[in-house]
Structures are given as C-alpha cells and as structure tokens.
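Given below, in the form of structure tokens, are the structures.
There are two complexes below, and they share chain A, which is joined by chain B in the first and by chain C in the second.
Coming up: the complex of A and B.
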C-alpha cells in the first residue's frame, strides 16, 4: 500500500541450448537496483516455458538473452506463443550476440529493442522506464 | 475490467487468476475480489517452507512438485524473495529451481517481500484464497531466507516446515526462541553432507526437551532426491489446522483490518457510497462484527467533511 506505482515486473530468461548467463545476471542485478521486480527464469528454457512464466508472473516485460545464434528461430516462436496466449501486451527486449543485419527483422516482428554487448545498464533502465508497462487489456 | 477478470476466473481462465493475484498482491480491490470467490469443494493444504537463505527451500519444493504431479495433484507456489529497502527492487529467483515443464496443474508466482512482514510478502491470505478457489489442492508458501524471529508464516499455513542444513552453527542456535518453535516439521536438507548426522542428533535432542510436542525430523537431499518421499509422508501425517479456510473467518478479519487501515489513512471523508459499501459488508458479516461497526461510526462522523477516499493509498 505504498504511494508509488507498483514496480515493473520483468521476466528474464535464456532459451534454447545456451549456457552463458553472466550477461543476463548482470542485467537482472541492474534492473533490481533500478527498483524493478525481476523474475529470473534461468537457463535452457523452452519457448513454451518462458511464455508460461510470463503469464503466471503477470509480467509486463520479457527479456531474452541469446548467444547461440538461434534468435531468428526462437524469438519469433516466443512472440507467436505470447500472442496465442493473449499476452500481446507484454513487451519483449532481446540481448546477447545478435548480428547487426538481424536486428531489423527482430524489430519488425515486434521486439521492442535489441541490446548488444557493452550496452550500459542505465540505457536499458531508461528504456524500460520510458516505455513502462503496457496497460493490460 | 475487474468484472471481466472475475468472470474469467470463474471459468478457469488462468490469465485472469494471474492478474487477480497481482491485484491482491497490491492490496487492490480486495473486498470485490474476495466477495466473488466461491468456496472450493475441498480446502487446500497450505504448506510453508521457511529457513535461512540457501538451505534449499526452493529446491525441495521443486522436488515435491515432481512427486505430487505423479499423483496428479494440482500444485501452486507463492515464492517470496526480499525486496530492497533502498531501491524497492527485487530479484525473484525461486522458480529458477523448480520444474520448468509446462503443466496446467502447476502454478508458480514469485513475490517481493517488503521488510517488516515476517519474511513473507504482504496480502498472502487473499492470494492463498484465490489459488484455493481456482482449485489448487496443494499450496506452498516459500518465505524469504528467514531470520530467527520470522514466525509470521505460521498463522498462514496448515503445516510449517523449517529447513536447516549442516554447518550452520552450533547447538546453541537450536535452543533459541523463534523459528524452530513454530516448526511442525524440521527438515535437515543437504543430508548428504558429512556433518548432517551431527546436526540431526543435536536438533533431535533439543526438540525432545519440549514437552508435549512431537516434531518429526526429516533428512533430505534436494540434490539426490533422497528423503523427499519421507518429507511428503511427514507433511501428509500432519493434522489440518483450523486456518479458517472453511468458513473464511480469518480472511474476513484480515480484510476488515485492511479496510480499517484504509480509513485510518484516508479518513474516508464525505463518501456516502463508501458508507453504503460498509453497511453491505456488515450485512454480509451478520452484523456482529466490531471492526465494521467502528468503521461505520467513523465514516458517519466524517461524512459531512470535504475530501474523498484515496483508493490508491
């Protein structure tokens, strides 16, 4: 019952066969320190499991980290599943190793933003704050 | 919008449940939500897992979920992790250790617990009630890494399991008042570590000194899965406490306290509609409730003054 708006709820997850989680943990920590509630879903998630987590956690944001090169397969699949689950209001950001030429394609299918290596945490925080959480339908 | 959520909830819409849990966790629209919930045919068993950070609460719950799913039980978890007193942020990392298989009969919600609520998030009773009404028959509450005096969870659960681990202190720790006193079951997790025997015998001796209270001690290893069956058997052997889940009395008191809090803060000035709401509430509680009566007096007194009730408060 605080006076302030409820904290943004952000699910962070790694999908597919990719065992590198240092980056996503740094982002988790940064968002935590910015006052957000970060649900860390962890490694080796299936797209279905990620979408279920977003649904059950009533998150406004989903952050995906991919370093495996499978982003053009997995991200569209997740966006599709989100829509099918009635979660089209959930905003998605992607991080990790995403080759420059692939970024427009990801943005085109509905990713809010792609953050590459070396992105200052403050930039991600600012972006999330600016966008906020979509009003639930 | 709340109406359509409640409607969806009645029809088993999982997203509606999820959203209503958010409402409840923020203390929003509690009277409306609670008054719409139907009693489930059978009340759920609420099991609290508490203990220090890193003893294996999430991992044990994860193992139990696997076990319960083999019995086709419907399981929900309310997993609490601490919220920063500085930034208000939280890193909720409990579900990370629980099964990730997508099943309709498993629901996990992570919650940030603000300091000062005894190691659990605020508004757990209405959230438990939502999950119960949705049809989950087993509900786990995981506390944040709990300190010695974080005993609040005991009033919320049918069974309180306190989780300990080897190498966590000498036997004087187990003599201290607090957490161990509210344990219905003591679990020595990481039972595969060398000093587990030692801790088990210490705890056994000390708990044996309390008269008239038999607290089972179960040795587990969430890592190997050893002792998980035994833990579940011990939980099932516990008599049901009167949580008030049946007649909702405890919950009613809780919501009335909340209402009282709103009024104290907002002073509820000049709101005949609010007065009517409370009068309806009184009818609902068969007119014998002290808190409601006091609220009505309070509002009637203030009704001529200016201002309104700040529901966001």
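Coming up: the complex of A and C.
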C-alpha cells in the first residue's frame, strides 16, 4: 500500500428509489480500510444531487449502486450531467444487479467497470489503485 | 456396556477427536457461531424436556404450533410474484395457481412501495421493474381479476403505504361482493424493519407505527381473519445480520407493536392472534432450525408471562419463510436451485406455516416462468417425496439442535436487554443501534468470504472459466408508458371535487389520533392515487431521512 500518494477520493451513492444498501456500505468500509477517502452520499440520490456531490467533494471516482433495474435510465443521465458540469475526467463504476446484456452498453457510454454481486472487495480496491485518480488540468 | 454417560467412551472419544485432522478455520455457522464436534446430553445441562420441549401445539411451542403440523396440513406454498402492470401480474398469479401454488403473494414496484405514482418524475425508469405498479383502485381490481378472494389467501408485501394498499384491497373486495369477514391474507405492514434494514420508509418512526396500529385496530374489528402485520426478520438478515440479530430484532419489533396497541387500550388477546412473522431461511440448516424454535419459545414466553395474554392463540408464533436471496449467486446460477432446496428443508424442519422458494435466476432478474416453476417444484418434492412431513418436529430432541436453540434464545435475550438499556425501540432506532449492528455483521461476513474463511461455491471455490449466460425475464420499457397512460385516463374520468374532499379528509384525520382507515377507504373509492394519499399524510407527518446516515 502506497503511503506517499494522496488518498483517492471516491463518492459512493445510491440513485433512484432502490434502498438496498448492504453492498454499497460494505464497499465504503472496504475502500476506507484500504486508505481511500470515501464519501457515501446515501440513499435516493437524484442524478443532479450525485453530480453536485462529486463536484463539491472534488472526487476522482463515482461509484453507483443499483439493484432496481433502472440503471439504463439513470446511469446515462448521470454521465451526461458529469460531462455538462465539466467533470468528464471523473471515472465511474457501477455495482448491484446489472444483467449481462446491459454491461456492454454501460461500458460503451463511459462506465469504467461494472462489478457483479460476488466481487471480492480486494478486486475493487486493486482496480481503483491501478486506474488511479483523474488528472485535472 | 458402554453408554454415552460412561466416562471411558467419553474419554476415548476426546482422545480420538484430539488427534483427528482438524480444519484450518474452526467450524462455525454462517453467522460465525462456533460449532462443537459433538453434542451429547451433557451439552444440554438444565434442559428439561417437559418444560423446554413440551408437545407440539402446546406452550412453549418449541416443537411447533399445531399438534400434528404437516401431517394434517402442509405449509402454504406461496411464491412472491409481481412485475409490470396489474394485468401482467394477474397472469403470473393465475400461472402459479395453475402450477399448484396454494396462496398468493404480491410484489409491488418501487414507486408503489415508496408511495409514489407511476407518473412522478422521481420514478422514471422504475415503473413495474421490481413488482407490479399500483396507482389506483382500478389497478387493484385488475390485479385480482378472476381470482376468488373469499377462497384464496393473499399476502401483500408493502410497508410505508401498507394501510393505503389495504384500503384499496378492501374496497375492491367490497366491489366484488366479498364480505371482509371472509378475507384471508397478510399485509406485511412492518415499518420498523424498514428503519433497520430495507429502507422503504417515508414518514418518521412515530407516525409510521401509528399507521401499523391503525391497520391492526381496524382489522381486529372488521377483517377478523386478516394477518395484520408480518413482523419480518427476512430483510434484516438480507441486509447482513447474523441469525441471532434477525431473531432478536424481529421479536423486539413485535414487542413494540404489541406495546403500541396496548397503549391504545386494545386488549392483547383481541389482536395478538393475528400478528404473524416472516423469517429468512438461510444456508446453515441447523442454525435456522434453532432460530425458528427459539422464536416460538421467546414469543410464547413474552406474550403469556410479560404481556399477560390469556389465549393460546396469542402465544403462538406463526411464520412465513423465504429462502435467502442474499445467498444466491450470479456465477453458475443453476447451483442456486440446490441452495434453495437445502434452505427450504431448514424451513420445513423448523415448522414454517408458509414458504417462498427463490428462483435460480433471481440474482440476475425477476423469475422467469421456467425458474419459478422449478422453485415451486422444489417445495413439492420436499413436501411429497422426502418424508420430512410425515412426523412432527423430526429433529426435536437432537442434542445439537436443542443446544443451539438455547444458545439462540440467550443471544436474543442479551439483545432485548441492550435495547432496554438504550431506552427502548424508538430511541435505539434513532441512535442507529440496529443499523450499525447489521452493517458490522455484513462487513464481517464479506471479510470472511474474501479471506476464504467461508466458501461460496462458484464464487471463491470451484469457479467455472466459461459461463454460459442464461435467459432471464426482461421488463419492457412499454410498461411505464402503458401505466402512465392508464393513470392519466383514471385521473381524467374521476370527480375532482370528490377527490379533493377525500384527500382533505385524509389530511384532517392524520392530524388527529383517529383511525385513518375509513378516510382511506373513501379516498380509494374516489380514485385518489397512492401518491396523492401519501402526500396528504406527508403534509402532516413529514418525511424522514434520518436513517439514510449509517
């Protein structure tokens, strides 16, 4: 674990009406234990609110959790809002229940990675460390 | 002749056990409770079969709540179902009844669960995806079209707007000439576990519990066969709790509802017999059996000795079980069939009254027809081919099961004390006690799986390199359009003056301590929507977001 690099800043959020937060809270704790700076924005976030939090927290990563089936409506909206806010360098990852056929679509529109339900925490940590943070001009 | 109490045999066993190969990780239950290599009569010091075990159908009901259990009547096979429009769900209901299901269980979509209408901007992308969309009484009518509500029992899984949905259900039954006295079913209506785990709450704790009590009170007087609450541990477990936490928090919630009704001046024996429960059926067979037995014993004890209920029916804990959704995996999904079969076995050995078995594809989507048929067949094989239903409580008297049951009871009692120390249910809830306990357990479990202390077939053990994707149910985007159009139609045809009057009455009544049901029934009949009714109540109760901080 690198002690000299600044901690990655990660915003985690649940968007839409879905209230299943077991996974996102476990991920939040796991990333914190790995030395990252985690802001958990909570439940029922609108796309607008999520993007505001990302901006306010100067986050490098945004992690979204959806188990509601609404991902193809909400995730593109968020990516669009990030772009409009000049936050296109913020990297986005998605977790929850995302059917296989929908994964390529999400990756196409700019999601960096989709993590399925059985993903070990170490895999998420490794992935984030590897990818690092966004570079701001 | 050596017997189990002969020290020679015991000493020999200890010697052999000491040198036998042992596992690297000491064996525990799924909830990380240590499990000994052997359980003997010595494991049950102080156990008195007459007091602690008793007879099925008699206090403390450790062996079951009926004298002959499944020999006389099997558990109800009740598969949770719902998606899309009311018409689509009605079709799935009829499909399941046709396949041999014996009771109905309704899944509502997220907008409905959260008390919002299908045309609310907050609901875009969510309509009909996780359950059926219900906006008005017309949807309720369509949902149960062609189903004789006087003959089939119906469960409805809904919490924050439960009282509203029940009003719709009762109004619909009335429209079809079904006497409320003949209606059988269950309303989940357990708001406390929403604050602990599932997060489908809208109003703050106090008014939310008031609504739960309004349902209990109304049904006690007008819908006598209705199970007014399904006090749930399922969701608490799904959120990551241990078995003991599931047991303790569920019963504590039950105690709080009892106390709320007593505080209204209700007689415990008038409503307690219609309180029901809902537990998870997780992987560890014996831990689950012990949990169900401990639940019956603890509830009976509390109702008889603490709340002084006089009727035996008040002491009996009746429960529905559902196999653990959180145990299902998206890798090698057919393996889920096997998990569900073992979990169903635990529920049957534990004496459940009603059972839902998950479908193998549920980590990926809502169940396909094929998958849900297999899930139902799982119950049918269990019921008719395995022989476990031939005798009551087949595992009763097992040293392991009885020891584990006692341990579970003790663990629950410790939690009851801790909740007391925190000032009771509402203060403990508002202090985040339950959420933190559950989050800690969830994290511990994940750590153990990641470290391979707990193995999950297909995930961290025995993976397959090439997985063939399976076909899953897809919810059409047209559902939302159809539902919104239908809602607009209803809104254009109803009498706006009557609607406003009904909503004003809901708001007015919410601000008093009178039972809301009569006002809600009128609102249902005038075609007020779920969202409009909830909004009227919200203007009095407020909206709660306190629990979103963890």
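A few notes on this one:
Basically, the second predicted complex is superposed on the first by the 134 of 137 C-alpha atoms of A that agree within 3 Å, B and C clash if a C-alpha of one lies under 4 Å from a C-alpha of the other, contacts with A are read in each partner's own complex, and residues count from 1 in each chain.
Please note the rule applied: contacts are C-beta pairs under 8 Å (C-beta built on N, C-alpha and C of every residue); 3 or more make two chains touch, one makes a residue touch a chain.
Note that the structure is a prediction, hence the values are computed from the model and not measured.
Contacts of A:64 after superposition on the shared chain: neither chain B nor chain C is touched.
Judged by the touch definition given at the top, the superposed model places A:17 against chain C, while chain B stays out of reach. By the touch criterion defined above, A:56 lies against chain B but remains apart from chain C after alignment on the C-alpha atoms of chain A.
By the touch criterion stated above, A:72 is placed in contact with chain C alone, chain B being left untouched. In the superposed model, A:93 lies in contact with neither chain B nor chain C. Of the two partner chains, chain C is the only one that A:116 touches; chain B does not reach it.
In the superposition on chain A, A:35 makes contact with chain B only, not with chain C. Shared contact residues of chain A, touching chain B in one structure and chain C in the other: 29, 40, 42, 44, 46. Taken in their complex, chain C has these residues touching chain A: 110-111, 113-114, 116, 122-126, 129-130, 198-200, 238-240, 326, 329-331, 363-365, 439, 442-443, 446-447, 449-450, 456, 459-460, 469, 472, 474-475, 545, 548-550. Here chain A touches chain B in the complex through residues 1, 3-4, 6-7, 28-29, 31-42, 44-46, 48-49, 52-53, 55-58, 85-87, 136, going by the rule given at the top.
Remark: chain B residues 1, 14-15, 18-19, 21-22, 26-27, 83-84, 87-93, 95-96, 100-102, 107-110, 112, 122, 261, 265, 312-313 touch chain A in the complex.
Taken in their complex, chain A has these residues touching chain C: 16-22, 25-26, 29-30, 40, 42-44, 46, 68-70, 72-74, 97, 99-101, 116-118, 120-122.
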